[in-house]
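Going in written order, the chains are labelled A, B, C and D, and every chain counts its residues from 1.
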């Protein structure tokens, strides 16, 4: 059993990284991927470009299943004798079905302009149609990934120069994409016109870096410059390094309104990152505060109510929730009621019965003295299937609290995501199952009360809320980007 | 690089476990060791006893280097075709020097009464002398561990019955020991007369269990009965299972005053455990409160001072510290200023320069919005070498706080432990290096102020403080148990 | 150090296998690859096609670096719950440079007619030109292998039906190829018009099988039917299984004279195989006899001269050599003078000096009693670099033979192979270095006399010699198949 | 499935090695064990002694399951920064039952004279009794090996000096032993009074070496001096190195007649070794000749009969057999009728039915052209269970020989060995099962005729046959060394 699979949170598909103009390109990429590990834990890879003495460019790639620390366990991989200049990297999450080696990124190919390597975070919604067209014209596909479509689109473009080819390809794909692309002499970063997934630009020791989140910059000591804009194709080459002026190309279909994934704020991104131009930690605290305003828990006996989080993902939310209660003079205190074990390693076997229960117990234990006879509030960021929440509540009950009140800092998840989050099927979503009715879900999970944050409450807690700049399809079913047909992840396998 | 070695905290030597009277003895032991993983991460082992059809007892043992989840990665190990009755297990921490396979416990031998297997937490202080005596009478030693001395003492005893032999042996060893011993028909738990290390008795599905901490009971659904008393040798056999009445034998040299390791409360034990009869979490919160009373930080501008912990070990202490500040009406708020990464895996390579700095950065990142321009208090449980603290402060400084105040919930560590904690040499202890002077240490670490908890403050924060029931030798140099000669861990190698 | 790399023999690039119409397709393929292990020890793979309940065809592939026994170490891989129908497999040898995962075969892709998987033994000599054309029309390449060209050629063909597409592709590639191709409903075997590499058809339990050599049939209990003919594309589908009548398509450029690789007889193929319609063992014995007729060694003192082989590859040749000496009444006896160690495993480290010498010593030891004071003849099949031969002679000298005479059952190797053998560069060939002069090579290697088999002697020892049916380019430099430009193996990397 | 387990030959229990006076002691030992790999393939280990700067002696040991090349796969193990002086090593074969880590040798302990490490080839026949005595006096045992008894005997001896202690111990153990013992300042070699197992002394670069067989000397370039004599305890220390004069101590019960294991000549030892003072190869050829004289096969039609071996173990015997036939003018020729595959690796899975048959097929294939319609003689060294022989004959029959005659170069094996060979139980021995009657065994195995070498024939083929110097208990049941009780290998587990 993998400990990280016990969580029932949605999974982001990827983290991407790129660097241009550094002799330690592979080392920076390695650390960047370590910092982005939370965005994908199934597989990872790094591709570097190096120049031989005769001026020839060679691409070198190491990829594998597992954590960054597992795939890159050997110094030799990162200590090339050849001078490096640029590299891209990728962390991947995937469900079992599509967990084939051919799907591990970066994808590296040769085409008529030389080497081409690509890392992709997001999901294309017209990939199936494009793939059918490409195949009918004689293209062959090695992976089941939508990302391979982009490679063929670039190679098939009848444009003369490479940037035009890439623009041509990206103009024709629909969906969510934050990309880093490595060619023989350039690093290119691209983001779809809606800016669904984050992508940031930074600088370290004179080299430009691209990463999904700024936490990757912190680890390598890079400074944050700005985000890659929705619809922007940013080109970094020797000229850019020299002039320090980015060259940008813009996609033809820039949405007037970005549609950033609001779940990046709710759960995906690390709290220490800046994402979509805002501190994630700050937004998460605001979500907690709004949740407290909307759905406080009042003390029945005047004693301070312990507010506890599900560590570590809802720690910040719990701080926000409790600070708002205090502001509203509701007797409360922040407490640690659940201890999360980080010692057991990533995978372990589970002999004996009832595997889900034992998994939850291995991951969490209660602090009895904090919970006993108390009227507790447990704050979490979201509920997907509800099975882990149910197990957690069962565990908490053993510590004999007087009451358990659950507060969720997002609305009920009712719809699947087609832009890169990996939810279970709609039927498995607990909110869908019970028609989004809090009373029924509350009963199923076994708490004394359950309150979700309202949609309005969520929107007013995020920055730029006035412009409707977010994709909230998983709560509303209102998909901002065309889905030509249900593009299923494993469909091409 | 091992992530868990970046920490400079003292390491406890072991966790022990035992169970008698269960057909799933090995499975319960496996889960027990998973819960006790924090007490030793170098190596582990399980020994089971099984009865063949012809009534013959066979012992089976699986041991190895690594985490419990790594050593026991295969269902087959735990799914014996033979009915089980009892098992003991052990988690071990060790420094590199003595990390030889022969030192991994449980130790299993055959002697004149049959099979004998032993797991030991603690350190014997007269092992060298005893070993010399045994060797001079013809005993041979395979390991460098003091635990092997106990085995020879039992085997050499001229007593007739097995319990008397064990009592004979334990009457003659001096030092700290919490033991589980498995024989052909008994499980024996023993604890030294001072009760330095914890040892608890529980019950699950009709079987009796022994564990270093109660968190092991929580995971397997066992209920806590009581502690094994200092000086008690507890015998569990078929008769005990039937009558539910423990048989106890008492060591001849029971100390009138127990000398429990106070560091178990400060850092070692899991906060969700009951240790020495008290919730660890509760004591840790009290330590934080006392620290705040003694050494508050006052807001220079009336704004709330962020109180942050070094996650996860000082989380509870920070809660206590801030709650006391609030009680004393000092403007403050609990904040998450450091994010600890749990994604990178346990080991990773570190290409490039300055390995300690990059290790600290991989493990921790700052939440800039929380720290910038603030007068922050960072609360930690202890300082050993001071190198990690210094790196952490350097990291915090990059987020541009106005001031950094460090508060430590224990007195300066000035002396080595001879009872089972693994400190660096005295010369490496930062407090020793600077003569225990806070001002000098404060300057070395780079904080605006540094305050340790006073010895008196520590004592009044723990239960039963009136009786001087604690070993505090690492703070005072006052060693309660005779150390016949400096028994060095690797001396026999 | 890899033991199999100590040998300086040329390496064949591959072994291929295919089966159609068996529910145990993957198991048969596994055993087939085990039997063909000598043709490629770097990497291997199996691709199976299976039918889901809804009639959908899925391809499943397992590939990896290492021996067949290493890559397929797990029963689960071969025990699919789904009914199987067909499979292909591949063993690969490669030099370090091109040892990237993407190059491991079978290559599996999707194209407009469905799934396509291919295994290839041989080398295409116009791959570079074809690749450039394909690339200029927008094809992307993932591997550096010439085999990928074939896939693109098939997919790009404007023919309607699949067999025509494959014929179209194979009509346009030049070079050596023995192929097995798996599609959604067919197994196709194809061989270039010159028949450079072997390819055989067999039958087992009603299913048709294809393999590089018949030793694969022996292991699975299949009976040999005939060879795939040069220029033949053999199609096996349900109809063929039913009617037992093969459908064949013929390439348009069938050479009137086949050009079979004569080195398959000299060294590559297993002696227990039938290759090019003849028992390898029989040919090898004939080579030894001819060698003895041309270059006998006469006894100086009338005592029997020991004839020894370099085990195991020249065992049969030595038998032939000595039997001819006996026939010519030259006093001689077959002896075992070198023992080859098969116990040390495939790889081992070599601490200490002079790695090549110690490698030779680990692999071979002398039988002193056989060699001492004798006038010995050592028979080998070929000399490439000469370094191993030199080491062997040095080893033999330590046993104090009176004289060492070396006899080689092939002419001097003077030219590289472009059709699938992996020689070192021309400069490293000892025969080239010394202009093919036996006296100089003899001196370099340190023997008392050295004789190669003459070209005429070689030709008259193989079957069908009258028709000039063999490629002998490595001896003569006369390349029978057009080499459009020097196609170097790693050129696309 | 392990390929080496397919063989049904008896297994020797061990190979031992030792070296004194070399800075490369561990490297020489590593190569020595590589050369002795055939004597034990389950596990191996090396123990070195090194001197620290302060003059303190430390022992370092690396042991593990698997081949020497697997356990020592890392240069670091063998490249110690400390100067070395001496080392011993061990290769072990064991049945599954006793395959526990604690049984891997060398055994390393500390006792009153310092470090003690031991490697043992052979079996003690009074170990059970001695162990019981030792246990009753308080000794504890960690392994189930008889070798541990020796360690206790040494440590319990009341003699003053170390050599006397060792002599004391060896005077009291009964059975077969060839030992290397490492102490803080000496290397000791010891051999039982009957000299059952071989043990040789050599010299390399001024250092003395001890090994089970001389093939270990050949690999490291050591010269052979003489055998350790039966009953001799040879002491090598700095004085010996300086004076080049061995010090020997003699056991009190030297047998007037040695009882060397005749099976070392028949099968165990490598043909390139000198064992018991004679070239193994020479003896094996003689066995073949005698066999031919006793049991020739006459050609029915005057054509040459192919004589084939079961490669590689009976190659030399077949040479002897056929040379005798020729001498007696019986038409015959040596042929290779079976090819043994050395490519598949050491272990492999066997999906599908009839595992023994497929194993035999993977290991051996027939050369059809050699066998078809021929009257063949297959020569082997021994038959144990007979199952592999039966499978081989079945395989040969598929090549349609006219007749198959089997000739075995040893008498029927009717009794178990108690001195270090690992036979199956008596019931499983085919010769015992059929009362030693050739006609019945011939029928069971499926050959046209089967002849064993007679006991007299065997004796007259080995050196020193006049003195009855051999243990032949497995053929006669006449056990020369007292077996106090049936000492079963796993009895202590």
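In the analysis below, contacts are C-beta pairs under 8 Å (C-beta built on N, C-alpha and C of every residue); 3 or more make two chains touch, one makes a residue touch a chain.
Fair warning: this is a prediction, and the values are worked out from it, not measured in the lab.
*Asks:* By mean C-alpha coordinates, which chain is most distant from chain B?
*Replies:* It is C whose centre lies farthest from that of chain B.
*Asks:* Taking each chain's centre as its mean C-alpha position, how far apart are chain B and chain D in Å?
*Replies:* 49
*Asks:* Roughly how far is chain C from chain D, centre to centre by C-alpha average, rounded to an integer in Å?
*Replies:* From the centre of chain C to the centre of chain D is 37 Å.
*Asks:* With chain centres defined as C-alpha means, what is the inter-centre distance between chain B and chain C in Å?
*Replies:* 61
*Asks:* If I count partner chains per residue in chain B, which residues reach a count of at least 2?
*Replies:* none
*Asks:* Going by the touch rule set out above, what shape does the chain contact graph take here: line, ring, star, complete or other?
*Replies:* ring
*Asks:* Can you name every pair of chains that touch?
*Replies:* A-B, A-C, B-D, C-D
*Asks:* Quick one: which bits of chain D touch chain C in the complex? Just the residue numbers, please.
*Replies:* For this pair, the touching residues of chain D are 24, 27, 30-31, 34-35, 37-38, 41, 67-70, 72-75, 78-79, 215, 218-219, 270-272, 279, 281-282, 311-312, 315-316, 319, 323, 333-336, 339-349, 351-352, 358, 361-362, 365-370.
*Asks:* In their shared complex, at which residues does chain B touch chain D?
*Replies:* 58, 63, 100-102, 107-112, 116, 135-136, 138-142, 151-152, 155-157, 492-493
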